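The two complexes that follow have subunit A in common; it is paired with subunit B in the first and with subunit C in the second.
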Partner chain A sequence: MTNPEHTPAKYQFKAYMLLFLIPSVQIGVGIFGFQRYIYKESGHDAWMSVILAGIVTHIVMWMMITTMKKNNDDDLYDIHRTLFGKWIGNALSVVIMLYFITNMTAIVRTYIEAVQSWIFPDFPTWLLGLILVVLMMYGSLGGIRVVLQLSFISFIVIAATTILFYYPLQYADWRRLLPVYDTTVQHLVAGAMKMSFTIAGFEVIFFLYTLVKDKDKALRYAQGSILFSNLLYLIIMVISIAYFSENQMPKTIWGSINLLKIIKYPFLERIEFIAIPFWMFVVVPGMMMLAWILVRGTTRIFKWNQKLTIYGIAAVVLIASTCFQNRMQIDLLNSYIGQYSVVVSYYYPCLLFIMTYVRQWWKDHKGSKES
Partner chain B sequence: MTDFLDTLRDQIALRFQDHTKVHIRAVSSNTAVCYLPELVDTNLLSNFILTPLQQAKWIANAEDFMRILAVGEVKPLESLNDAIPLMMKGWAYVATPHIGVVANVANLPKRQISAPENETTIHGPMLAFSESIETCTALLRSSIPDRSLRNEDLHFGNKRHTLIRLMFMSDRVEENCVNVVRQRIERLQNNDVTGSAELLHMIQDNDGSIFPQMLLTERVDLASHSLLEGKIIILVDGSQLAIIGPAEFTDFFLSTEDRYMGWGIGTFLRCLRVLALFISVYLTPAYVAALTFHYEIIPSSLLVSLIESRSKVPFPPLFETLILEITMELLREAGARLPTKVGQTMGIVGGIVIGQAAVQAGFTSNILIMLVALAALGSFATPNYFMSSTLRLVRYPMVILAGLWGSIGIVFMSLLVVIHLIRQTSLGQPYFYAIHPKDQSNTLSQDMLMPEPKGLTSTGHSIRKFIKSFRLSSLWTGDIDN
Partner chain C sequence: MKSMWKIAVLIIISLCLLVGCVGTSVLEKLGLSVAVGFDGLPNNKLNVTSVILNPTTESAKKSKVISTIANSSKGARIKINSMISHSSVSGQIRVVIFDDQLGKAGVSDVVENLTRDPFLGDSIYLAMSNGSAHELLSHNYPQIPDIGTHLYEMIQQHIEDDWVPSCTVQDYRSAMYSIGSDAVLPILMKKDDRVEISGLVLFRDDRAVGTIGQSEGYLLKLLRGKKKEYLQEIGIDRHELEPHLVSQKGGKVRVVISNIGSKVRIRLTSMKPLQFHVRVHMDVELQEITDRYDFSKNEAKKLIEKKIGEELQKETDQLIQKLQRMNSDAIGFGNVYRSSVRNAHLTRDKWGEKYQKAKIQTQFHVNLIRTGTIE
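== the complex of A and B ==
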C-alpha cells in the first residue's frame, strides 16, 4: 500500500475535485467569528492581514506539492519514513494524527457552541456531539467517495451563504476602511498568524495528493481551492470592517453570524436559524476527511481494524468535546490549535521542503563521489 | 406394435399421476402426439402437426421431424422428462419408439397491448408492456430494430420455471453490470418469484434501504430510451413491469415526456419536480420546527395570521402535523384500494368532510391543511410511484425530529439521507451523485435537455469538453482506505 502505484485506479479522483475537497476542510467553524481576533491585532487594516496570510498559504501549498513530487508522490506518512527513518517517522506521524484529532474536537465543540449560543441554549452538548459524530461515522464508513460527494454539497452551501452577505452591504460604511495602512508590519503579521485556525486544513493535500489521478494539474487546482477560501475570507473581512463600528468589532464573538442576522425577507427573517444548522453540511465533510486521514494513518502504522478505529475516533472526539464547559475554555482550545496549526501547516512543510532538497543533494553528492 | 402406445401412456400417467389431463393422440401405431389441451392452439396442432404426420410415410430420425412438422420451433429431446416442463407451457410432444421431439403450438392466454395505466403522459406513445414476455420483447425489438440489441434468457425458480430475459445493447452496456445481474439471478436459482417487483428486491444491491435502486416501468418508450443509454432491461415472464438497471437517483425524477416537450419546457418541468421533491420532504417539518422552536424566523406580519389560525388548536404542532399527515395517507391508501367508481367519493370525504370539519372542530389550523396538501401534491409530482412512496416515508422521521430538535433535527435527517444515498450502489454502479452524474459525453444535454448544436460534433464543442472534464465515475470507492 505504500507505493502510490499500487493504489487502484478506481479509488483515485480527478484533480479538479481538490477544488471542493480542500475548502470543505478549511472552511468550517473558524469562519463564524475570526474577524475580531485579527481586528484586535491590525485594526481596520485587518483585511491586509487576511491577504498576507493568503499569500503565505499559496507559497506553502507550492512547497507541499513540490515536496511530495520529490518523494515519488508519497503521502506524509511515507515521507516521514523516508526522511526520518521508521521509528522517528512513525512518531512524527502520530504527532500529526494527534493534531488532526484535536482539530476535529475543536471543530465539533465550536460548532456546538455556536448552536448553543444562537439557537438552543439548553441543547445538551453530548447530544449535539453525538449527532455530529454519528453522521461522521456513517459517512466515513462509506469511504472517500462520500467525502468527495458531500464536499461538493458543502461547496454549494458555502457559495449560497456567501451570496447572502450582499444584504449587510447596504448598511456598510466604507469610510471605516480608511486610512489604508494605519498599522505596522508587526501588527499585520501578528494578525495573519491569528488567521491560522481559520485557514488551516489545507495540509490535507499531504494525504490527498497521492490519490489524484492527473497529478500535473493538482497544483493548479489546489492553488485554486486556496484562492477560493482566501477570497471568501477577504470578502467577509472587508464587509465586517465596513459594517461593524470600531468599538463593536472586538466585542463581536460571532461576526459572520451577526452579519446574517439582519437579513429579512417577506416570508423569512433571522436567516442564522437556518444557516447555522445547514452549516452542518460544511462541518461534517471536514470531519469525515480528517477521520479518513486518521484511519489511513492507523492502518499504515498500527494495522488497526478500520471500522473499530472510526468508532474509537468518534468516542474520543465525543468525550473530549463534552469536557469543554464554557466559552473561555473553547477560546483557549482554539487559540492553542491556532498556534499548533501554524507549526504544522506552515513551519513544518518548510522544514520538510528543505530536508527533501538536502537529502537529494546528499544523495547526488554521494552518488558522484562513488562514481 | 401397440406396445409403444401403452408404454407411452403408462409413462405419461406415471409422471402426471392422473391429476393433469394429458391428451395422447395416436397418429399411427408408432407415432403419438401428447399435449395439454388447455394450452395448445388446436388449429396449429391439427394443420401443422397432425396432418403432416398422417401424410408422412417414414420417420427415421429427428431431421425427418424437422422436415415434416411445419411449426417454427421444434426440438429433439433425450427423454420424456425433458419434455414435461415444455408441455406444461403448451408445447406438443411428438413421440415415436426411438425419438421424441417437442413442437411449440402454445396458445397461452394473453392480454392485448394496452395503454399505460399508471405512468401516464400527455404526449408520447400509448404502449405498455403486457404480461407475456414475448410481447414485451417484440415491443422492444420493434422500437429498436438493431443487431446489437441482445437478449439472454435465464430460468429461475423451483416450481414456476419463470423465464427471465435480459435485454441490452451489446455495444453500449457495461459488461460488468450484465455479469452482476447474471450472478445475482443465478445465485437465487432456487427461489420462486411471482413478478419483476419481487425479483427487483431480490437482486438489488442493498435491500435494507428504503430507496428503490432500480426502476420499474410499464412504458415501452422509457425502456427503449434506457436501452439506448446503455442500461439493462430485465423482463420477467408473467409480469407487466420491466426492471431497468443500473439506475441513478435522478432517473426516478425524469419522465419520458420531458423529451417530447422540447428542451425549454422539458427543463422547466424537471426543475419543477426538483422543487416538488423539496416541498414534499421539507414543508411540513419546517412548519413543525418553526412553530415549536423558531418563531423568530417568521416575520411578525405572517406570524400573526399563523398564530390566529392555530389559536384554537389544543395540540402541539408535532401532533397536529402527524395527525393530518396520517389522515392524508389513509385517504390515499383507501382511494387506491377502492374500485374507481367508489373511489371518487374519497375526494369528497377527504376534501370537504375531513378538511373543513377538522378546522372547524379545532383539530388543525387552516395553514397546516394547506401545507400538507402542498406536500402531498409535491410527492405525487414524482413520476415514479416507488420513489414517491419512499419520499413520503422519509417525511415522517423528518417531522418527528423537527418536533424534537427543530432545525437541527431536519438537517441531521437530511444529512443522514444524503450520506445514505451516496453510499448506495445500483448493480455495482454509484447511485447518487451530488456533483456531475454519468460517464457520458452528452450528459448535460440529456439532463437539461439542451438542444444539440447543429453541425458540431460533441467533441468539438468547448462547453461539452468542459462538462466532460467533470466526470466522476472514477470516484467510486467501497473501502475506507485508499
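== the complex of A and C ==
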C-alpha cells in the first residue's frame, strides 16, 4: 500500500489548483445539450433542478473529503482495500475503473458527434478519435503536472466561452421563467437526476486529494470548483429557458451550441464553428485526468507497466468509440452513463462515508471493550 | 539512434494527421447563395429561386438568379447545382422569402429544414412576398445591383430603427413553438422597379392568417415591448383640439410623434371572464403638427397628450380586435397568461379558444417631453 507520505513532492500541487482540475473533468461534452433532458422533467423550473443537483453535489463533495480524511488521506483504491479487504476492495476498484473507461468512450464519441453534426459531416470517427486519444496519451504519460497545465487552459476557454452567452439574451423572454415553482418536488428531483451525466466528474477528488500539498485548504477549493461549474450550468440553463420557447426546447439536441448559433459579428458570422473545435481544449484535459487515474489504479493493483497500460486504454477507447454509429446509440450510451454516475458519484460516496464512520465506531467500541 | 527513430515516427504521424484531413472549400469555386425564395405550387411542389453572388468580376450584375421546381428545398439545391459552374453553398443565405400561397399552406416544413442544416444560421431573416417570390427576386432592378444583399439590409434597417419586429428564424421558431404567442413576418412587395416592406403578415401556428399595415405594425412592435425611437403619424379630429388651435382649417390635424421611450405592462386582471389590462407609458417628442397649435399653455400640452393617448388607444383596440378575429396572438397574451397562472397546463389549442373570448383593455399614458426646438 502506498502511503501518501511517500508521494514525491514534485507530484504534489497546491490546493487552489483543484479549481482548474475539477471543472475540467466535470465540464466536457454534457454541457452541449443537457438542457432539454432536464426541461422534459421539470419544465421551465429546470433551473431549480440544476440548483438542487448543485447543492447535493456540494454535500457529497464534503462527504468525500471527510471520508478521505478519516482514512488518513488515502485515495479511493486504498480506501477500498481498507474498508472491504484486498479482494473485494480491488474488485470494486476495477468496477470504478471500468466506469471511467466507459465515461472516456462517451466523451470521445459525443465530442466527435458534435463535430460531425455541426462542422464536418464526413469526418471519419476513427481519425478524430485517434487525434483525441493521442493527445490523451501524451497528457497522461506526462503525469499530473501536464494535466494540470492543460486544465488551466481549459478553464480559460470555459470562462471565455461563457462571455459569449450574453448575446442570445437580446432574444430572451424572461416571462418564460414564470411562474416560479410550477412543478412538483418529484419532477424537480427527476430533473436533478438527469443532471448527473453533465455534473459527474467531481469524483476525481477521490484520487487528487492525496496529492494536495496543503490539505487543510483542499475542501474550500474543491467546493469552490464545484460552485464554478454549478454556476456555469445555472447560467446556461436560465438563458436557455428564456431563449427557447416551451415546445422548442425539447426539439433542440445541442441546446448550448444552438444558443451560439444566433451570435453574429461583422467579422465572424458563425461563432459555433470556432467554439466547437476550441472545446477540444476542454474535453482533452478531462480525458487525460481519467486516463491518469486509470493508470494509477492498474499500477497499484496489477503492477502493470504504465506506458503499455496507457496505450491499451487508448486502443480500447478508440475501438469502442468507433463502434457507436448513430445519434441514437450515443444518446443511449450517455443516458446509461448518466444513470451509473448517479450511483458512482452520489450513492456510493454516501455508502463509503457511512462505512468509514461505522468502521471507526466499531474500532472505538472494540478498543473500549478491550481496555 | 533511438531518438532519431522517435522523431521520424512523430513527423510521419503528424503528416498523416494534420495535412488535408478535411475537404476544402475554395471561395472562387463556390456559388454563395444570399437569398432564397420559395413559391408554393400545386401537389406540394416548390419553385425554388436562389440568388447567387456572381463570382465573375467582369460582369455588371453582382448576382445571378436561378430557379427550379423541386419537391424539397434540398432537392432544389441539387438541381440548382447542376445549372451553375460553381458548387452552390448555403452558408451565406441571409434572407428566405416565401410567397403567400405557401404562407397560407404552412411554412414550417421549409423553416424546420432550414434549422436542421447546421450551415444555416439562426439569424436568417424570413419574409413573405406579396405575389410570387420568384418574380420578386428575379426581376431586373436597374437601381439594385444585388437583390439578396439589398433585401437583407432593408429588413435589417427596418428592424433596428423602424416598425418591423425582429423576424429571424429564431424569432419565428420560438413563437411557433411557444404556447402563447404567434409569429409575425414582414411582407415584401415589388412595386415596379423597387421593393418595399408593405406590412406584416400574422401567423396562427405556421399558417398565415392575415395582414396588417404599417401603422398597425408600429403599435404591434410597441406592444411587444421593443423600445426604439421611431416615428408615427396620428390624426386627431380638429374639434377636439379646438381651444388651443390658432388657425381654422378643415379636416384632421396630423401629429407626428417620435417614441423616445416606452414601457408596456400587460397584466391578467381576471381569469373568469378572461381579462387583460394593457398599460403603455410613452415618452414622446413632437416632430410635426399640420396646424398651428399653442403649446405655451400647460393645459394645451395636457390636452394634446390626452388626445394622442386616446387616438393610440383607439387604434390599439382595433388592432387587438383584429388579431383576436384572426386568432393570432402576435402580442403574446398567452405568454402572460401562462406565466401568471399556476398549474394552468395550457396547450396551444386551449389557448386558441380562450384568446378569442378574452377581453383586453388598453390604456395609454403619453408624456410629451418636448416639441422639438420650437414651441
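Methods note: the second predicted complex is superposed on the first by the 370 of 371 C-alpha atoms of A that agree within 3 Å, B and C clash if a C-alpha of one lies under 4 Å from a C-alpha of the other, contacts with A are read in each partner's own complex, and residues count from 1 in each chain.
The rule is simple: a residue touches a chain if its C-beta (ideal position, glycine included) is under 8 Å from a C-beta of that chain, and two chains touch if they have at least 3 such contacts.
Since this is a predicted model, take the numbers as computed values, not measurements.
In the overlay built on the shared chain, the residue A:F278 is in contact with subunit B alone; subunit C does not reach it.
Shared-chain residue A:K264: touches subunit B and subunit C both. In the superposed model, A:M17 lies in contact with subunit B only, and not with subunit C. Applying the stated contact rule after C-alpha superposition, one finds that A:G139 touches subunit B and leaves subunit C untouched. Of the two partner chains placed by the overlay, only subunit B lies in contact with A:K213; subunit C stays clear of it.
Applying the stated contact rule after C-alpha superposition, one finds that A:D364 touches neither subunit B nor subunit C. Of the two partner chains, subunit B is the only one that A:T299 touches; subunit C does not reach it.
In the superposition on chain A, A:L148 contacts subunit B only, with no contact to subunit C. Subunit A has more of its residues touched by B than by the other of subunit B and subunit C. Within the superposed three-chain model, A:I131 lies in touch with subunit B and with subunit C [touch as defined at top]. The residues of subunit A shared by its contacts with subunit B and with subunit C are 119-120, 123, 131, 264, 269-270. Only residues 13, 17, 21-23, 91, 118, 121-123, 166, 168, 170-171, 173-175, 177-179, 181, 332, 335-336, 338-343 of subunit C touch subunit A when the two sit together in their complex. Interface residues of subunit B, counted against subunit A in their complex, comprise 293-294, 296-299, 302, 405-408, 410-412, 415-416, 418-420, 422-423, 430, 432-435, 469-472, 474-482.
Those residues of subunit A that touch subunit B in the complex are listed here as 1, 7-14, 16-17, 20, 115, 119-120, 123, 128, 131, 135, 138-146, 148-150, 152-153, 211, 213, 264-271, 273-274, 277-278, 280-281, 284, 292, 295-296, 299, 306-307, 310.
Subunit A meets subunit C in the complex at residues 117-120, 122-123, 127, 130-131, 134, 171, 173, 175-179, 182, 243-248, 251, 258, 261-262, 264, 269-270.
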